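A, B, C and D are the chain letters, set down in written order, and residue numbers restart from 1 in every chain.
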Amino acid sequence: MIIVIKKDSSEKQVKNLISWIESQDLRVHVSTGEYNTVIGLIGDTSKIDADLIEGLDIVESIKKLSESYKKANRKFHPDDTVIDIGGGVKIGGGHFSIMAGPCSVESKEQLTSIATSVKESGATVLRGGAFKPRTSPYDFQGLKAEGIQLLLEAKKQTGLPIVTEIMNINHLDLFENVDIIQVGARNMQNFDLLKELGGTKKPILLKRGLANTLKELLMSAEYIMAGGNENIILCERGIRSFDTFTRNTLDLSAVPMLKEYTHLPVIVDPSHATGISRLVKPMSLAATAAGADGLIIEVHNDPVHALCDGAQSLTPAQFKEVADKVFKLRKVIKD
Amino acid sequence: MIIVIKKDSSEKQVKNLISWIESQDLRVHVSTGEYNTVIGLIGDTSKIDADLIEGLDIVESIKKLSESYKKANRKFHPDDTVIDIGGGVKIGGGHFSIMAGPCSVESKEQLTSIATSVKESGATVLRGGAFKPRTSPYDFQGLKAEGIQLLLEAKKQTGLPIVTEIMNINHLDLFENVDIIQVGARNMQNFDLLKELGGTKKPILLKRGLANTLKELLMSAEYIMAGGNENIILCERGIRSFDTFTRNTLDLSAVPMLKEYTHLPVIVDPSHATGISRLVKPMSLAATAAGADGLIIEVHNDPVHALCDGAQSLTPAQFKEVADKVFKLRKVIKD
Amino acid sequence: MIIVIKKDSSEKQVKNLISWIESQDLRVHVSTGEYNTVIGLIGDTSKIDADLIEGLDIVESIKKLSESYKKANRKFHPDDTVIDIGGGVKIGGGHFSIMAGPCSVESKEQLTSIATSVKESGATVLRGGAFKPRTSPYDFQGLKAEGIQLLLEAKKQTGLPIVTEIMNINHLDLFENVDIIQVGARNMQNFDLLKELGGTKKPILLKRGLANTLKELLMSAEYIMAGGNENIILCERGIRSFDTFTRNTLDLSAVPMLKEYTHLPVIVDPSHATGISRLVKPMSLAATAAGADGLIIEVHNDPVHALCDGAQSLTPAQFKEVADKVFKLRKVIKD
Amino acid sequence: MIIVIKKDSSEKQVKNLISWIESQDLRVHVSTGEYNTVIGLIGDTSKIDADLIEGLDIVESIKKLSESYKKANRKFHPDDTVIDIGGGVKIGGGHFSIMAGPCSVESKEQLTSIATSVKESGATVLRGGAFKPRTSPYDFQGLKAEGIQLLLEAKKQTGLPIVTEIMNINHLDLFENVDIIQVGARNMQNFDLLKELGGTKKPILLKRGLANTLKELLMSAEYIMAGGNENIILCERGIRSFDTFTRNTLDLSAVPMLKEYTHLPVIVDPSHATGISRLVKPMSLAATAAGADGLIIEVHNDPVHALCDGAQSLTPAQFKEVADKVFKLRKVIKD
């Protein structure tokens, strides 16, 4: 860490700061320029609270030289992590996977029908919401435990591993046979939930929060990894910006950037990011071209959609068209 | 709700949509203009999923005519809610309150000393972090249960009611004697936590998330209120924007706007919003002038601050200066 | 336009508003619901100031039913516009074009060398900055008129049409032989400049401002088109968001969305959007996959880059690699 | 400037970078730590292009130690600048001023009536738009030269100095008798316009762009100051954020922060920032409490407002109420 001291700070204040730093088992290297004094900290600075230092009145600014994420950091683990999801499905390190399924699990018929058709189109994981995070307390909150049962039945029938979202630490038992546990964007910094998941061995699908930086996403992955679970798949799913023509702004530069920062696989969710079904195809192709390790796409077959054709979900037929093109594109990218 | 249909939609699609709406126990009012057909929905639209409708291919856009928050809505409860915190302290409806104390609870001496001095300066609630949400798993996570014990002792000694943050549903028992339970910005949409708090009678200090709209903040309040607990204090504490000269962008227009939307009291946290102690004074004054019902301010007396004078916390002496001016200002505002 | 009236408005206020609307040669259609009165405006509402109406105390909100951009609107011009740049180069309607060249024009040797090599790699337009918009008055402001001369010489030698940025209405004469005039992000709402360009017949490359919505971008195109010049190429080049790992956040959903709203061609600038040369390749591929009609990419051959390999520009060899892959991808997309 | 080199950079690349730096008349100070090599640059780094260095592949990040704004920098000019507007009106250094008037100049009667009443309420400058920047080419663009004439007549009648916006370099002659020339948010980085204004001696009211940082605002001030005109008043008028309950997000922390960075006066525009007249009062009070040197407020007396009471403008009576309270508050703040 480098600390830039303000021009007009008193010598005594600077001395006091240096004494305090040295009391933290660190050495300092002071260099005095025309406008500023710069203090370099030598040693293990990971226990220093950067915000505290930066807020000091004599400090103009600080600069961290090492990242706080260690286990997720590609610097220390240069090789891609490959996550083995079971059922022969892998993700990362060249393994590409499409997860598909309905927004909410509604019935056995719905789920089996969708699962069968997305599998035929090349999806390798079945997604479906059992516990639903809803902005309004008056909206449908999901089938909960029953929804997970339906997912497990669909898994038995089709052989597809399943991914579904957890919202409450106390539900962990219900997820025993779930293949990938999803942490939604709103819970990306629910640190107690992350710690709990660190104690399992399950693959975790960790979605980026709506206003979280890539560094914060990696720190949340680090929470899980610090607990011993290194099976993490990161997911870009759109951020909040001033423009609202799509529900969120899909930040595809995050894909190559995350893959530079970390060895973990990175997938993209074009359905939630855009909220508009006719953008799912171009954004799925763009995400694949940007180097994503996979996609998670909503597919439905329910009446209101069938009637009016729409929403953020694709029909099974539309999904097939997207998947076909994605696989063709993926070949060009990999060559 | 009003639904604007795209110009080139087929008559059959529009008919199908209308049939579906009518099957939801709603009536429709269709008006056809030069460029668009507009469908007005008549009846209780609260069960209709607006996102679903908006995503339909034949729908250009929708417009909600009623808000989804009912219990928090000033339309249905015109009078200000006054929250009785106990110990003679009230907030809202003309009652103004300053909550002050250290970022983290560290020791009995620290807490007693700060509590005594902020009380003398006019603070009416003691704040202090026992469970700390930290971006990094390697940072200090708070004294936890022990921290709450220290807060309770300080309460006994000074008579000040206490406010501290909850991060985990399973900790609720520890908060039995806490006067106000804080829900932090990162947990504003941890819906399972909100539901649980709806089952208590405790005053809840609900902080706005970094990327959450005012409407979403009110929907989160509604989650708690729907469970039966209407003792909610809202808190503006800065949002994420492109400019990073302060840690977050303090959005003071939220104060008068929230007070128009809702009858709940609204306070402001200038310490966390700016992250810079020398901005706490001007922003406390500005928040008071904007009509806030109170402030929550960090005050410290620990060595590194004493040495170098800084961070986002004020010293007790600086806090006194801020409080004095705030009370003077408050008089002008109320007149 | 639909106007939603606040619940507690007086009958007299509503009547006054209706009278005023009718005095503007519009008819109204009033429907009164349980919670709100809704006024529909019938007739040509384009002269009504929506902001004014929305700000009225009795108005809860408004909803526009028709877009303010007419000439740029795909509704009224369903077919793709194809811009003929000259020299056999077209863009839009299936014609894909890569524009490439140095950030700043520096010398004849530099420009000829780059122009020759990017042409060999498949670029069809030469880009280069003569007038440079710089945040600091102390930074290099470009070679100006001399820079345009150098571009024109490179055009003569290679046959590549040229694109370069205008910053000042009074420089228009200098652009007489320039093939495409670029309006930079900072000037997207320099309305007097746009009006002036509307009087020419030159193709205009209009870049999206850092904080401008797609609708505002289209309104700026409309300024030029209203003046009689319909040769406009739109360019997505990144927006400002809270995350700063890239210089700006490249908003690729803007590509398919703009192509839905408008018939004008849309290209992408991955160099300026990311500011990081190693992200130019994945983002060029992603933009192509998202359906862009072209790319504008920085290519350099100057010493500091040659020494240290970097910045937002690619070397000619790196550019060849990107272009090759983009053309392969483009084939898959078009099929 | 400090340059942090990536861990895995080759010795040769680092040497090349150092040679290049030294060729720019700078000395270097290299310190090698466990994870990074850090290069400190000694000498006048103002000519170094920071973006170029930061983009180099071997560079992890850079840190500037000196600001690029010199003339606007409080470090080099500790005392507040006081701008003498004429007619006995000053702003800055303890002089507080309210500028008030209509959004658009419409007629002699309108302007005289408003000017007279705002003067009585304590306004010391008359504002009014003659050239109007409008998002749509089809919206009213202002009375232009005639509008300036009407402002000059109102000035003659009331003695109030006037402020109005310039949009085009070629209009400068029309502003000869205008007291303060306003540069609007959309033109904050219209660098050719700023340069031209640097050649005048007129006070300039420079508004912050919707997506511009405080540093960029100061760099734009520096453009004008570098030309010789140091009479600049800065104006915070709201930034773009994800929340749209107000037209823009008024960033009041900018007031104390700018006053720390610069000696120039800082005023606030609550009318344009919020776009809602009933928020003008609380935000005017908040801006004053935050330490602003003045306010610029819209006041109207036209029929549609009179009928329905609203928009972002206040009536003269409402303005009086705001001004009275602002002056009372100002006394408390100054004590």
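One rule holds for everything that comes next: a contact is a pair of C-beta atoms (placed from the backbone, for glycine too) under 8 Å apart; a residue touches a chain by one contact, two chains touch by 3 or more.
Keep in mind the model is a prediction, meaning the values are calculated, not measured.
Student: Which of the two pairs, B-D or A-B, is linked by more C-beta contacts?
Tutor: A-B
Student: Taking each chain's centre as the mean of its C-alpha atoms, give the chain farthest from chain B.
Tutor: C
Student: From the mean C-alpha coordinate of chain B to that of chain D, what's the distance rounded to whole Å?
Tutor: 31
Student: Taking each chain's centre as the mean of its CA atoms, how far is chain B from chain C in angstrom?
Tutor: 39
Student: Quick one: report the Å distance separating chain A from chain B, using the average Cα coordinate of each chain.
Tutor: Chain A and chain B have C-alpha centres separated by 26 Å.
Student: Which residues belonging to chain B are in contact with no fewer than two other chains?
Tutor: Touching at least two other chains: 211, 239-242, 244, 278.
Student: Could you pull out which chain A residues touch chain D in their complex?
Tutor: Touching chain D from chain A are residues 2, 4, 7, 29, 31, 33, 35-36, 38, 40, 42, 61, 63, 65-66, 75, 211, 240-242, 244.
Student: Which residues, counting only chain C, touch chain A once they are in their complex?
Tutor: 211, 213-215, 239-246, 249-257, 260, 273-274, 278-279, 282-283, 285-291, 325, 328-329, 332-333, 335
Student: Using the touch definition up top, name the residues of chain C that touch chain D in the complex.
Tutor: Within the complex, chain C touches chain D at residues 13, 16-17, 19-20, 46-47, 49, 51-52, 54-59, 68-69, 133-140, 167-170, 186-187, 189-192, 195, 209-211, 216, 219, 222-223, 226-227, 239-240, 247, 275-278, 303-304, 307-312.
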